[in-house]
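The structures considered in this document are given below.
In the two assemblies presented below, chain A is common to both, partnered first by chain B and then by chain C.
Then we have the complex of A and B:
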């Protein structure tokens, strides 16, 4: 799965949590979306973990600031799983 | 020596030590003095050196915000904290009730409030002029709590109240020193925030704050770990949020882990205790009217289970200047082990609300003991006291909710709903979520498609902490045999939607 394919699966999750009317790209920052607060952050993490069957650790989660960071983490997790 | 002189002396004595860590950088006490002086110079021009004037401080969690607070105090005035993210009508209500005509704001674009308000912008403002310490006026600050009439209630706290709290707190924690690193996690408009800076700044210790715009609860863990914090306080809700990650948290530096603002479940704090093996746990309790904290339960981790009632950690015992009474439903002193309303007297109890109601018999009563008449505040909290004087929380006497440290009157939310829906009927209740934490549910006689935009509309008139998590449409409210809305039937009929 390449980055674009990973992002295509993340986007509908974001739409469900943060609502329509927002453009989601890899560069979208948490501060760009009003509803992306602490509570919705864990909802988003749980949904992404479920979608890709991965588990992030706490320090990885703390480091997330953009939607692209999710793509990085999933690529990293998939890479680790392949080895 | 008055309280402000004590603070100023401490600041000068520790001039080279770090006072704050804000936004990733340290500020020494010496720099802090310069920031205070900068704000004071401008403020004195406004007050013309008169004391006792209320001054608003827009609380941004910047060094300038803390400097503004102390500039107000050192100038013999009292401060009214305002939240930059609260809707303009909420802040306007506080401005009007407090009679403010001046706000100190370090924000880039201060909001445009109507009227003759003077905005002192103190962004980056520093001065080397010597600070002047005026005689402390009796009032220190005014906080606002949710009011049962639907309007926020102003709670003025005096310097006598504040001094009594500081002395009572340090009496329980004589081991805190200038070497401690305090993490302040609360909004500066909440009274729980005061402990996180009033205490360290009197010891010459360092105050750490959470960076703005970050995921606050996750940032707490990051700063606790990276900065080797030794003292912190947050709500049990934060702990509940962190629960899935507790297994990967280990904080060896933390010595004092305080909780306040909500009931503290034993099972939750027991899991946390494994993350902080070198810490003591404290459960803190206190209505705003009794100045920040009036009872504390300080305990070693291995003794946590000794003071637990209904799976909730004890509220502890009163601070040294606080007197407590437990009153039964007939207004008589409840016997040992009997449940009753906790009533609080002593030097930490405020003199009276900013706008007193004609009948405040539900708020206060006078009691004479040893020839001295004393005022007692009725907290509305139901407690039981054990033989050693430890208090256990047993619920509320009324509908008031306590969520994430915020005291919330359902009537205030119902009033806001009516305001944004042109008079729709609603009924707001607290409920216990499947996680065991408290939440807010609103039942409204409204079309379902209107509920989708309701939360957004409410955000324009009330703070986000008051927005119900569940908004449920009802065609009509069921009425019980007493002619009141049948809460149990509502909860039964809509349990799927409440607990989904």
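Then we have the complex of A and C:
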């Protein structure tokens, strides 16, 4: 799965949580979206973990600031799982 | 002798305990965790003092039961002590980490040289009613706690000798605040806030420096504070060192 394919799976999750009418890109960060508060942040983390069947490490979660960071983490997790 | 890590934790926990008691809240100190509910100006439904004691079988069962019976807190603060073990436990309970802050400390400040304040700047201990109103206005508008701190709570806090509130004024107008909390072996700095239009002008740094200068004459105990990533560079510049880390958790409410 490449970055674009990973992001294509993350985007609908974002729409569910943050609603329509917002453009989501890998560069989108919490301050860009009004509804991206701490509650929705943990909802997003849990939903992405579930979608990709991964569990992020504590320090990985703390480091998340953009949607692209989720893509990085999925890539890293998938890479680790393959080895 | 306590380590700096102990000082940071102990000061924070004592700070919450003290304010919770002022609010008439039973913090549940008999438990290995403590709970505060609806502290205006701070956090609503907060659990703190989360550490490895939590993992003892009886304690973890008790906590799980407590959460199941509708006592879920909005926020939970876990120290980094054995966080690799407590994190999976908290996640099993439906709590997810979302942010972290660093506990920082400065010690051996006895030989500090006081710094002169620029023209027009004064820092005063808030005693008058109008200064306290200005102090509250800045704290409530900038710290974004879900509930505002009211005047009665501030009066209660400042009636305790452990607390002192300071305000920095530029040409007579309040721009920056801080609350100090002194225990027998450390001083904690809390509620450091600067009015939005006055930010990035160095006022917070001046205020912290003023406290360092003042405290250096009183004690050689360490001064501790809690820094977000954004605040860390300023505190490093002032001589604070990062010592430990705290993690903030929220309970997952919606399962997509």
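One rule holds for everything that comes next: the second predicted complex is superposed on the first by the 83 of 83 C-alpha atoms of A that agree within 3 Å, B and C clash if a C-alpha of one lies under 4 Å from a C-alpha of the other, contacts with A are read in each partner's own complex, and residues count from 1 in each chain.
Convention: a contact is a pair of C-beta atoms (placed from the backbone, for glycine too) under 8 Å apart; a residue touches a chain by one contact, two chains touch by 3 or more.
Being a predicted model, the structure only gives us computed values, none of them experimental.
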item: Partner chain(s) touched by A:42 [first = chain B, second = chain C, both, neither]; value: both
item: Touching partner for A:22 - first (chain B), second (chain C), both, neither; value: neither
item: Touched partner set for A:50, first chain B, second chain C, both or neither; value: second
item: Which superposed partner A:33 touches (first chain B, second chain C, both, neither); value: neither
item: Partner chain(s) touched by A:58 [first = chain B, second = chain C, both, neither]; value: both
item: Partner chain(s) touched by A:13 [first = chain B, second = chain C, both, neither]; value: second
item: Chain C-contacting residues of chain A that also contact chain B; value: 38-39, 41-42, 58, 61-62
item: Chain B to chain A touching residues, read off their complex; value: 213, 215-219, 221-222, 241, 244-245, 248-249
item: Residues of chain A that touch chain C when the two form their complex; value: 13, 16-17, 38-39, 41-43, 45-47, 50, 58, 61-62
item: Touching residues on chain C, where the partner in the complex is chain A; value: 83-84, 87, 96-100, 247-256
item: In the complex with chain B, residue positions of chain A that touch it; value: 30-31, 37-39, 41-42, 57-59, 61-62
